[in-house]
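The two complexes that follow have subunit A in common; it is paired with subunit B in the first and with subunit C in the second.
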Partner chain A sequence: MIARVRVWWTILRIALEDRLVYRGDFALGTLMRFLPIITQIFLWSAIFDALDRGPAGPSRIVGYQFEDMVAYYLLTMLARAFSSMPGLASGIALQIRNGEIKRFLVQPVDLLGFLLLTRVAHKLAYYSVAVGPFALVFFLCRGYFVHGWPDASTIGLFALSLVLSFLLGFFLEACIGLMGFWLLEVGSLLFIYMLLSFFLSGHMFPLDMLPHPWRELVDLLPLKYLAYFPAAVFLDKLGSDEIARGVVVQCVWLAVFIVASRIAFRRGIRRYSAFGG
Partner chain B sequence: MAIIEVNGLSKSYRVYQKPEGLLASFRGLFHRTYRDVRAVREIDLEVRQGEFVAFLGPNGAGKTTTLKLLSGVINPTSGSARVMGHVPWRRENAYRRRFALVMGQKNQLWWDLPAIESFRLHQRIYGVEPAAFHRNCDELTELLDIRPLLHQPVRELSLGERMKMELTAALLHAPDVLFLDEPTIGLDVVAQHQIQTFFRHYQEQRRITILLTSHYMKDVAALCRRVVIIARGRIQYDGSLAGIIDRFSGSKIVTFQFAEGQSAGDLSAYGEIVELREPKARLRIARNEVPRALAKVLASHAVADVSVEDPPLEEVIADLFTQVNGRPAEPDRGDAVGEPMDEVGGVVP
Partner chain C sequence: MESPRRYLGILGAFARNSLMRDMAFRADFLIECASSVSWALMNVGLYAIIFRHTRMIGHDTGWGRDEFFVFMATTWFVHAIVQALFMPNAEEFSELIRTGNLDFALLKPIDTQFLVSFRKVDWSALSNLLSAGLLLAISLRGLARREPNPLTFDPVTLFLYPFYVMCGVAILYSVMIALASTSIWLGRNQTLYDFWFYITNFSRYPMEIYQRGWGRPLGAFFTFIVPVLVVVNVPARLLAQPLVPRASWEWPLAGFTVVATTGSLAASRWVFQRALASYRSASS
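And then the complex of A and B:
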């Protein structure tokens, strides 16, 4: 067991070092994350302005006033920083196509474990640089959190939901990447996933804005746990039973994708060994 | 005792056949025809502990496929193999800790980091004790003369230096069996020579078992007593390097140096004239004809000097490949795994 932890630690350490080699690209990538949210804020600001000028006075859209909306976007941005996996699926597919995947057949090391650890390293490197800008943005936008900061237990649940969203995002994209054993190129599959995820994770708009049958449907899908769920926990949009149910559903989905990625890897390797190599 | 035992091992690939042209590409979206390519056919092989065996063969002959089968990257279509008692394609960790596969064109080091970091990772993955790690690392980097480069990012190393780092990484866990697929491909003569020297020294000291594929006869001549020639997926020869000439070359090269003022005249009756530059003549003469031809030429000419040699090994092997393949050996195409060698139920190209 100690030996195994040592392996994990070494992979993590080396991946972290590797990540910090290209400083310029890294810093730029970190800052670019803030751009999309600014356009979202402008858009909603215009929408609320138009509504406010109406006879009803300061308005709400499905329980959100402008300030809530800004707070929501800031929080989904934070959640996406945990759950998005740039380059994971395409990287796996590329390794399958160019044969680098052999390494995980020849050496006594597990592909998924290795990728998970390198991804943790990516994220740690990212957070260590991004924590400054994030803190600054949240500080500047503190006025938008009109209900004040949540209590410690909510913060705890929020942190849990972020960790789970990281794991869910990882295994979901790993499954897409492993489809490369059959498809070789997963670009289109990944595009479909990104598109669905953009709308159904709550990245584009708060999911409680969805009308009746869609809302319930989206509740059952895994995607909402990648952005909407953590933000809703933080903003106290959910009752404690809803949170509990959400965490259970998230864990179930996580288990599903862990098992699915294991099966996909094993079957994929069998196929690879039989046909290619 | 045999450390590698292979019995009737075969491997077929299914290869997508795409006719030329755009229309065919569209048709390929709905209906595809495949062809079975038999890369390795019923190979039997036994290698004892401490042997250094070379696999020779034209591109696409099945050499790399055989190494992939033995290292467990691919499953066979039929037949069996055991390496150190393990079935390779079960990929048990107990087996994977005891061998290494080095492919000349594949990079397993972290590109942007110094090689020592990749070595550390290997140490952990293979569970090498720190003392053994330092001993092995020191020995290998000393032998390969790369100690000062350990802390330089891999991307800044030359091809030869990188190959030496790859070898070090592969040998850190002191494997008992080593599979080398074209380890000196693309390297300059100096680097090739250094790596050969290294292999010879390392193998002599450790008595590990090595299977090597290479296109460079110099690699093979310098390192291996035993040569296995594979062509069209089958073993065509298994024996010593010198034995190849005895077995496959039916001729000798005879060189006459004629005395001053002596004309060579017409020598074509004795054999094929390879080179004629008076007063020197080189002839290729069938082996059983050599004594008679020599006697006749010596009787009829004033000869200052004469030598009888075997034809160059490269030539013999190239001839052999051509015979077996029914076509000339092709230029290097690298990792040619599924190159069509034969078909099942198809038309031979």
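And then the complex of A and C:
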């Protein structure tokens, strides 16, 4: 057991050092990623400007006033920083295609465990550098969080939903990558996933805006836990029952994708053939 | 440039070569087309949802649902042409510099900026022209049938609209080639597409949204210094709203767009040539 923990620690340390080589580029890239929020602020400001102001206060769209909408965008960017897995699925498929995956068949290292630790290192490196740009942008936009900080239990649930969104994003994309055992090239599959994810995870707008029956349909999918759910928890848009149910469903989806990725890997290596040196 | 006919012939040869290469991987080409069209449809879906909750973008701006979809179709026209003609070349320019392969382009008896800018054509990006045409037709039909005040079309628009779309393409090309030229000084510019996306993102919305608070200096910057705001706004406004009457600033803005186009092309040419003068090739 101690030997295994030492292997994990070594993998994590090497991956972390590797990721921190280009930290300046990382920080600039992260700050630049917030630029589209500027146009979103002006766009939503114009949209709310066109609404009639009610006697009860500021105009709202599905319960969101203008400031909530901007805060929602910022929070989904934070959630996506946890749940997005750039290069994971395509990387797995590439390793299957070029035969690199066979090292996991001969070495006593588990592929999914190795990839998960590498991704944890990637994210830790990312957060350690991105915390500056994120803090700056959230500080500049603090006025949009009109209800202030939520209570400690909500913050705890928000943090839990972020961690679960990271794991869900990882195992979901790992499953897509492992389809490479059957398809070799997963580019098209990944594109469909990205398209659906961008639209149905709540990254572009709060899912409450979807009309019937799309709203109910999206509730059945795991995608909303990648962006919408953490943001809605933080902004207190869900009742305590809904949050509790949401966390349970998120855990169930996570378990489904962990099992699916294990089955896909096990069955995939049975199909896999490696030739030459 | 010496003979425009010669250059047109070369451009035709580049386009044919690119098409032949694309057709060698037909399935990939079709998937690329489907990807472009899917993103476009997704955007229509997003704004269709937004317009379920509001009648207009901005108070009394005239950008209702159909007008905004004309705006969106114009965005697709401009961006499809830029992505098809210039994006693959600008991305490759950075690699030509890094690897030293720009030497071969410099040795050819042809204008280097022309060669670097037009060598490849991404035909699949043109699939969005079809989406744009369809969206434009549907929204113009909606505008022509709306009650009250159906939109009537002035034949002058048929000339002005494509003219200003091409002005928009020229402005975006200028920004892109100027950004790509910085690779000569930076050594490598892999974030070109990011920069490009973030800058052109400002052009994707009606300029009225910037008419408040700190949006005003931002709008002025992206109108008069880096004129990306006129790229879509001017042609879309010509088509989506009646030619007469117009706000007092609209015709001067249309005139400014022509000046901005000429200025952008001249400025990007100057940046490109300054960058080339600093090029030291790469060691073997």
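Going forward, the second predicted complex is superposed on the first by the 257 of 277 C-alpha atoms of A that agree within 3 Å, B and C clash if a C-alpha of one lies under 4 Å from a C-alpha of the other, contacts with A are read in each partner's own complex, and residues count from 1 in each chain.
Here, a contact is a pair of C-beta atoms (placed from the backbone, for glycine too) under 8 Å apart; a residue touches a chain by one contact, two chains touch by 3 or more.
Remember, predicted model here, so these are calculated numbers, not experimental data.
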item	value
Which of subunit B and subunit C A:Ile61 touches, first, second, both or neither	second
Partner chain in contact with A:Leu195 - subunit B first, subunit C second, else both or neither	second
First, second, both or neither for A:Phe42, with subunit B first and subunit C second	second
Which of subunit B and subunit C A:Arg245 touches, first, second, both or neither	neither
First, second, both or neither for A:Arg215, with subunit B first and subunit C second	neither
Contacts of A:Leu51 with subunit B and subunit C, given as first, second, both or neither	second
Complex interface listing, subunit A residues touching subunit C	25, 29, 32, 35-36, 38-39, 42-43, 45-51, 61-62, 187-188, 191, 195, 198-199, 204-205, 209-211
Partner subunit A, residues of subunit C touching it in the complex	31, 35, 38-39, 42, 45-46, 49-50, 52-61, 191, 194-195, 198, 201-202, 204-206, 208-210, 212, 215, 218
Parts of subunit A lying in touch with subunit B, wherever the complex brings them together	3, 6-7, 10-11, 14, 17-18, 21-22, 99-100, 102-103, 105-109, 270, 272-277
Subunit A-touching residues of subunit B, taken from the complex the two chains share	13-14, 65, 68, 71-75, 89, 91, 93, 96-97, 100-101, 106, 108, 110, 112-113, 117-118, 120-121, 123-127, 153, 335, 337
